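So that you can tell them apart, the chains are marked A, B, C and D in the order they are listed, and the count of residues begins at 1 in each.
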Amino acid sequence: MSGTHLAVAEIQSMLDAGFSEVVQNHAQLTELDSISGDGDHGIAMLRAGESVRALLREPAKNIASVLVAVSGLLLSSDGGASSALLGSFFLGMADACAGKNELDWAEMSSAFHAGLQKLRCYTEAKAGDKTMLDALEPAVAVLVSSHTCNLTIEAVMALAARAARNGALQTKEMPARFGRAQHLGNRTIGWQDPGATTIALLFRGFEKGLQPKEHHSRG
Amino acid sequence: MKKFINNPANLVGELLEGFALAFPEKIKLRGKNLIIRATPKQPGKVGVVTLGGSGHEPGLSGFVGEGLLDISVAGGIFAAPGGPAVADAIKLADGGCGVLLIILNHAGDIVSGNMAVDLARRKGTTIESVLTHEDISTGPKHRHENGRGLVGFLPVFKIAGAAAEQGMNLAAVRAIAERMSANMRTLAVAIRAATHPATGAVIGDPTNPLGDSEMEIGMGQHGEAGVGRSALKSADETAAIMLDALLDHLDVKAGEELLVIVNGSGATTLMELFIVFRRISQLLLEKNIHITRSLVGEYITTQEQAGFQLCIARMDGQLLRLWDAPCDSPYWVVR
Amino acid sequence: MKKFINNPANLVGELLEGFALAFPEKIKLRGKNLIIRATPKQPGKVGVVTLGGSGHEPGLSGFVGEGLLDISVAGGIFAAPGGPAVADAIKLADGGCGVLLIILNHAGDIVSGNMAVDLARRKGTTIESVLTHEDISTGPKHRHENGRGLVGFLPVFKIAGAAAEQGMNLAAVRAIAERMSANMRTLAVAIRAATHPATGAVIGDPTNPLGDSEMEIGMGQHGEAGVGRSALKSADETAAIMLDALLDHLDVKAGEELLVIVNGSGATTLMELFIVFRRISQLLLEKNIHITRSLVGEYITTQEQAGFQLCIARMDGQLLRLWDAPCDSPYWVVR
Amino acid sequence: MSGTHLAVAEIQSMLDAGFSEVVQNHAQLTELDSISGDGDHGIAMLRAGESVRALLREPAKNIASVLVAVSGLLLSSDGGASSALLGSFFLGMADACAGKNELDWAEMSSAFHAGLQKLRCYTEAKAGDKTMLDALEPAVAVLVSSHTCNLTIEAVMALAARAARNGALQTKEMPARFGRAQHLGNRTIGWQDPGATTIALLFRGFEKGLQPKEHHSRG
């Protein structure tokens, strides 16, 4: 998969497509959060997602500045646990991209990994606890392990999106152990975690956003 | 749910503006979501800051004022504010002696609170934090640190606020806030769930709504479902069940002195809260436990949720002196 | 309606007992239904007494204390207490300088209040009374004396209480209470009717219930039906309609100064009240009318009735000084 | 109708039967008050009525003391406008019976009249205003005008009860002008006034209580 690079515009369109998926499905996210949480996850994601998408339409200095701005909007959307965690995720990505105008796939996957590491500063939840980590950990793991293979960026992101989706689906079987839902324990079994669902949507969008039509290869 | 609102997207902005306009002599709105004192604390004293979601009025911002908080950072409806805003508040509250951040144990508040502490430390502010986690339904004895932060924020605000006002240093303010936090327990009960004011949707599992003659012990401050569903009981029976659980958890013995708070969740009337408090008093008297201080009212609410939180706290001489110290906030004044 | 109560027949007794137990340092329950100050006013000052039904907590008894009432006589649920009990209260409140009885204009309160005044006079007590009747929905301009007494009791308690505390004589206390009463106007709106807590029955014409997207301007403090039913409007629109009606009735001109009170009826959240207050502030600013003092909260409620009362009052220098004087009651403290 | 006297026991049984009617119909009274008032009239009448009936079972010193006690219970029941007004009514009756151990019918009817006069000290409502006065005024008028006729006490009370009932029925057609209901004006048309209904029940009971079985003639 060597030889392909993502410039600012590609990163922007990847992110835009990701948040577009999330925004479009906000009602489902709220519904899931109403069951075991406080019924606001979709509201938070809609509000943050719309402001992020507006921002992504503006021209940007470099990759880190885009990611810092996305993180800032998530954090300043005052949207609760998920917004704060996602905000920290993009902040971690931004740190890893400092000074770069384009990313090769190795840099890209380590940026995702740095995001996950940053997010982990603020929660002890792990895959299996029925949180967004159930989707995010496997997705990032795919990115990290696949960037050495001979696959296109789109193909790797498709695998990551599938991993996120599966991870989110698996939360259905779990009792919650973090977040507001934790206190319901077994009563959350049968319902997919809202935050994990958001991650799955985000990666589905990333995959779409990297599709050849939008993707300008620099081979 | 019928409400007097405008565009649901503007709920928080409008409510904070209205709040600030209503109490101009006590508080001000700074930026988008920092509620600060109208007259700042003199420099040379420890700052006291908190953060939390909106939709729970008068909590938490109703308790900014002399002898209480310096700044409350308000989040979205039922949603913590972001870490950077909290870091800004910490910076603003620092009068040179450091700041105590009081965090209620809820996922978003923890994430944002910890991020704010990181950011503030990086900027060189001396910052400590204390966590309130006194709910016993989510924090059983063997893992009480897991409990949610409920109305127990109020004694912690009061004690930390009074200690800071009296000029104690950050370590001492933090220590006494921790002591207050460690010595309190809360249990909530609900008989009607809340709705999210922006969507109007009822919070809770739609396949398992709270029945017309059911109550739920342990329902959360955001309407999150609890764990102890049972038939609706009388005020006296409910009081007894909840009090016993709290006394056991805090391990209260005959002869001790307690602070008792009964906090209405929104739709429950003061009439009911008084009736509950009456029974709590009688039961404690029988057990030879003395109520040394008490509060009955709405300090943190969840829209039209019906129910109440019962909080007990073990007091000592120093805590009582700080509890009795004057304070002057929009929704709590002590002369 | 689900509630935390015991035997409905004991509602009032239990709630008054609980209330007294919750605030032992401020108030006491004397006999069956007299709420008196824990520390009586020094003799040589005018006594201030009121009467009113229960079920409206914290009104009226929540405002007994220094700088406010000496005694509140509590009636049954939504029902005035009897005249003899009120006469007892008047006698008890008389420190040798006479007593002012504040009566809210409701049929039962008038009957009992007048009877008490007769009885007290016959026993030789110097007694004067003042009536609050500031509701404009039931007291249009040409017969404003017919209006119900709503949350405007609060400024009248405050002004009379402060005046008495400062040692003014009965004629002066009465005169200034009258001035306050004459200069205020209130209008109520409801979006959900109350139930009677003893029966659980909804108050209102069952053949004509308030629709899911309707509101009613003028619904009474006891859930009595109002006169202005309309489609539910936004907070901003509702505020504008109500404010305009009040300004017109009180004949307020640009450049004047007003006290504004927004009182929640029970189920309406502080969040909503702040949003309403915000719009009131904006509208008054546009009209160049200045809000000199304000209160937003629940001062008199009607069980789970949803809605609010908006009260405006024209203030002058002396009224403002009395308004700002310290007071210390269970539900209102001014430092 | 001359020559019959009522002693303490007869007055007691008359009052008892009156309050018994009221107590039995409390639910209807509450229903009426829910429509145009605050839904508590029957509650107030039930509570006051039961305590009055308990009191009436106790032996009493004289007629005035019975009536004073009844009035006291009504007033101390903290039952709102109706209890206060009824309390003043029985207080007025008591004043008129001071020192008497039995009443002839002329004394009896002037006692009722005195009660009405006392009640009028505390309200300006008159027949036609849709209040208890619509039933009470005509009933007392019958007593006052009939005690000179040659009718038995029972017969006069039956006429008074009928007048009270008709007065109460007529309130259906009226808009309220006093009490909590006044503010509804025309919207109260079609509903009988709760307080007037109570008066009608009270007099129906008085009539029953004076029936020969309970009535010891002293002819």
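Note that a contact is a pair of C-beta atoms (placed from the backbone, for glycine too) under 8 Å apart; a residue touches a chain by one contact, two chains touch by 3 or more.
What you see is a predicted model; the values in this text were computed from it and never measured.
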Checklist entry - Which chain's C-alpha centroid is most distant from that of chain C? => result A
Checklist outcome for this item: Rounded to the nearest Å, the gap separating the Cα centres of chain B and chain D is 54
Checklist entry - For chain B and chain C, what's the span in angstrom between their mean Cα positions? => result 29
Checklist outcome for this item: When centres are defined as mean Cα positions, the distance from chain A to chain B in whole Å is 32
Checklist entry - Looking at which chains touch which, would you call it a line, ring, star, complete or other? => result line
Checklist outcome for this item: In their shared complex, chain B is touched by residues of chain A numbered 30-31, 34-40, 43-44, 47, 72, 74-85, 87-88, 121-123, 178-185, 187
Item to check | chain D partner contacts - residues on chain C that touch it in the complex | outcome: 9, 12, 32-33, 53, 74-85, 106-108, 110-112, 114-115, 118, 137-138, 146, 148, 196, 198-199, 201-206, 218, 220, 222-227
Item to check | chain B-touching residues of chain C, taken from the complex the two chains share | outcome: 2-6, 11, 14-19, 21-23, 54-55, 57-58, 62, 191-192, 197, 212-213, 215, 232, 234-236, 238, 262, 266-279, 281, 291, 294-298, 301, 303-304, 306, 308, 326, 328, 331, 333-335
